[in-house]
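Below you will find the structure I want to go over with you.
The letters A, B, C, D and E name the chains in turn, as written, and every chain counts its residues from 1.
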Amino acid sequence: MWNWFYKLASPPYVYRLAAVLAPWLLGGAALCIGYGLVDGLVFAPPDYQQGDAFRIIYVHAPSAWLSLSAYTLMAVAGGIGLIWRIKIGHAVAAAAAPIGASFTVLALLTGSLWGRPMWGTYWAWDPRLTSELILLFLYVGVMSLRSAFEDPGRGDRAAALLAIVGVINVPIIHYSVQWWNSLHQGATVAKFARPSMPGSMLWPLLSMLLGFMLFFGGVLCLRLRGEVLNRERQSSWVREVVRAS
Amino acid sequence: MNVGAWQVLSLMLRREMCLYFRRPDQLLQPLVFFLIVTALFPLGLSPQLSLLRDMAPAVLWVAALLSALLSLEGLFKGDAEDGTLEQLALCGQPLGLIVAAKTLSHWLVSGAALVIMSPLVAVALGIPREAFPAMLLSLGLGTLTLSWLGAIGAGLTVGLRRGSVLLSLIVLPLAMPLLIFGAGATDRAISGASAAGPLYFLAALCVLTSTLAPFAATAALRITLE
Amino acid sequence: MNSGAALSLDQVHVWRGDRHVLRGVSLQLRAGELLQISGPNGTGKTTLLRVMCGLLRPEQGRVSWCGEAITEIREQYQALLAYASHEPALKGDLTALENLRFSVGLKRRVSAGDLTAALACTGVEACADLPARVLSAGQRRRVAMARVLAMRARVWLLDEPFTNLDAAGAELITRLLREHVERGGLGAVVAHHALDGLRRLELQA
Amino acid sequence: MNVGAWQVLSLMLRREMCLYFRRPDQLLQPLVFFLIVTALFPLGLSPQLSLLRDMAPAVLWVAALLSALLSLEGLFKGDAEDGTLEQLALCGQPLGLIVAAKTLSHWLVSGAALVIMSPLVAVALGIPREAFPAMLLSLGLGTLTLSWLGAIGAGLTVGLRRGSVLLSLIVLPLAMPLLIFGAGATDRAISGASAAGPLYFLAALCVLTSTLAPFAATAALRITLE
Amino acid sequence: MNSGAALSLDQVHVWRGDRHVLRGVSLQLRAGELLQISGPNGTGKTTLLRVMCGLLRPEQGRVSWCGEAITEIREQYQALLAYASHEPALKGDLTALENLRFSVGLKRRVSAGDLTAALACTGVEACADLPARVLSAGQRRRVAMARVLAMRARVWLLDEPFTNLDAAGAELITRLLREHVERGGLGAVVAHHALDGLRRLELQA
């Protein structure tokens, strides 16, 4: 069982696996996002209160969700690297951080663009918004901590530790709308029993979400290949790869 | 004749206290900073002094956070620079004890001292006497939590070239809930409402970090020391 | 691997930046054996000493004490250890005596008398109550040596202990090293001039 | 081939800039601090955000003063600790030139950078666009004055054990007029009144300190160096 | 007073705390004369050197250069001076070459070639572009010596320049000292071992 695990986590294997997965993931992402955009922006009916402004949701909600899941993934991968000293964990964490940070920026930007028509302001110091901003700080902190070390091994472990400590922020962001009275929308989609959203709006949203997830996976694979190559540049298999290309 | 955990703790506490009292500036720095920040605000606000009382909780808490944060930078730095941190790491005692002793002494000279001095500042800012218990309690819990969080940050950044900025970048996001609940508790107490909600939350945060942070800070220091 | 060896290094490799500083160092130390490490400046003597005391984890290779990797038995191993680095590692604001009390006290219970005796032995009892900040370079070095003495450690790892010392001081250190060996202690000393009766490891540039 | 005054100035400026850019934390520290202080306030105020705009000038100016003050502590300290200050003092050039170059570079990386970044903060604090010119001008004059004042303080306290507290104690009373007039100018500009009065006063202070402070700072450094 | 002397100290007294460290030191140095200062640890060698370069003003007595008190002609005198203290006085964040450029550049106009030549002369041209922080103790000391060389100063005041150096390094310093004397330079060197051909001032404990 452990042997199997170690083989799965060995850099050359991951390098090849990522190459196989990336095109499938990215292809799926293109399909889902394509359908979601067309259906969501063109065919879905305008909201009875918000008019067309609500369509920002098709970018905003998926990127906000992914900003949270990417952070969790980064922390878990870093934890695996820290505790079991499995190098690929750190590589995954390092590859995921900038993608997650970009999703966070996207969520903040789309959110504040949406805030202008909705709340009459781009920014308010509201719990959800503030905690999402903190998430961005955490991403930046993790990335700069990693790069501040001259020795990459120590940088990886330090960044992993910080990522784990910061995970506490994820549930805070998620539940902030329930714990404090907030300007921000409560859960709209996740109420599976009775989503408070008509299907014609919901399906494109779900498709966008799936598409964003696939996109994240695909980009992660691509970045992971780069990370692994860079980290293993001393080893023999990388030299073979380079020679072969 | 082995040295037990309590001896290690008490020896380290005495060492730290001795060092703080030998360098009165390290001891006074957080307090003076706290006083100065709270004194500057009324000056900057001079035309609209009526605002002062409404913003008092924010001023008080921001000043407390900043002054604790600034002194946190030196938690391991002095020892790292003169080589004594290496000696401590090689002393054959669990590093966790040493980290805990250093953090607690830091809190005693920054956090606890600040709590003791805060009534003075509170009077100057026009915070009514009835709000003092909630304010003192929230400051005490908040600064202790911050010292623990800061120990993690200081452990992660000791010896780094970008140390101090990184420390703020790491600690402040984690400390924002403290500010929100701390200022919230004080504010509610001032306006006569019950501050129990935010205080419970602060207490929970404090217990949580006091149990987990020593391990995280030790792990952090080990990573950077290696 | 020599099973009688107390401290042994096995094919230790260390990189600093892109310099391959230690290139497969192996060595064994038994009780009563003190090794002199020498070699041109910048060849990795300090690096080797830091590997030996566990402050630096080598990228490859293994450091073991009585057969067990020192990372496994870190605290036990380090309790036996006295390391003196390039710097004297004194807190400038504490007096010489306090410096000793707080660092030696973590290793073993120690009385003020013991510490004063150690200071006297290295010839700085007059500085016991001066803050380390005002001491001269040689006096600081002597206080650091007194710390090593007072720790009563089995393993001594000393980085250029002769630095800044006058002739009498150098003799003193030589005598202390000899006595340490006679007590059955072991360890390593970095020094640029040849020391009598010590096995020598010469690092190459 | 003697080295002229201009060469000394330009060499020292290049040295300082090189050092600041090698240690991005020293460079970013004042900016990050400035941002953080201004971001913390709204959080602490969360229940009464309507107050934010009224206290914006005070927040802006207190943050600017504190961030400049904190970085002033290191003006001569780093050089004193690694022995390079002795080398500078022995270089055979007028010490005044060296002090001036160090102070100017300090202002460039703290004060000037802060002025450039202040519009961002001003927007977040809700300061209207029309008030920007007065705000920028007042911040520029104020931080330059503060750098000069700080150089005197840093010169007097370098090497002292109670250095940093003394520095705050020396500099802040001198800096209070800056705060009052600076925040006053910004406040008037926000409310649409003419800010010329306080601005003239700030300009006068700036000219005064820029001519006198270099001499005072050099004398101060000489006293502590000897 | 000897009028031929370039640098002369006259009955210099210095107290540190309540220690009377220098008790009436008088000495004269002419062109081409290098003085060795030695004596047990803590007897005031470093203090004496700092008095000679004007960093420390003696409580009593007078230090003069060509008959004028050095406090009167501070800038002219210090322009002729190269002082190497116990610490290498390098900025850890600057490379060895930059360290030299910014400190030597204040004394005289100097080309990068000159500086690299000085580094090569002390055997650390390979470290020219490494930040001083990562250099080994001996390498740092060699960079400090390269600074003294590149300054082309007439007066050298060196505090234990042999510290941390390997055997080759020690020989190099001896050679540099001889060449400095031959060029007509003067100055003082603190060292614990006897140096050939140098007049010696022995401080007493």
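Here is the rule we go by: a contact is a pair of C-beta atoms (placed from the backbone, for glycine too) under 8 Å apart; a residue touches a chain by one contact, two chains touch by 3 or more.
Computed from a prediction, not measured in an experiment: that's the story for all the values here.
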Report the pair of chains linked by the most C-beta pairs in contact. B-D
Farthest chain relative to chain D (centres taken as mean CA coordinates): C
Of all the other chains, whose mean CA position lies farthest from chain E? A
Between chain A and chain C, tell me the centre distance in angstrom, where each centre is the average of that chain's C-alpha atoms. 49
Averaged over CA atoms, how far is the centre of chain D from the centre of chain E? Could you give it in whole Å? 37
Per the C-alpha means, the centres of chain A and chain E lie apart by a whole-Å value of 60
Between chain A and chain B, what's the gap in Å when you average each chain's C-alpha atoms? 33
Among all residues of chain A, those touching at least two other chains are 130
Chain B: which residues touch two or more other chains? 22-23, 161-162, 166, 169, 172, 176, 180, 226
Could you tell me which residues belong to chain C and also touch two or more other chains? 17, 93
Just spell out which pairs of chains touch, all of them. A-B, A-D, B-C, B-D, C-E, D-E
In their shared complex, chain E is touched by residues of chain D numbered 1-3, 7-8, 11-12, 14-15, 18-19, 22-23, 78, 82-84, 86-94, 225-226
In the complex formed with chain B, which residues of chain D make contact? 22-25, 28-29, 32-33, 36-37, 40-41, 43-48, 51, 54-55, 57-59, 61-62, 65-66, 70, 161-166, 168-169, 172, 176, 179-180, 183-184, 187
Within their complex, state which residues of chain E touch chain C. 16-17, 38-42, 46, 86, 123, 127, 130, 134-139, 141-142, 160, 163-170, 192-193
Chain E residues touching chain D - in the complex, by the definition given at the top: 53-57, 75-81, 83, 85, 87-94, 98, 102-103, 105-109, 131
Residue positions on chain D within touch of chain A in the complex are 42-43, 45-46, 49, 124
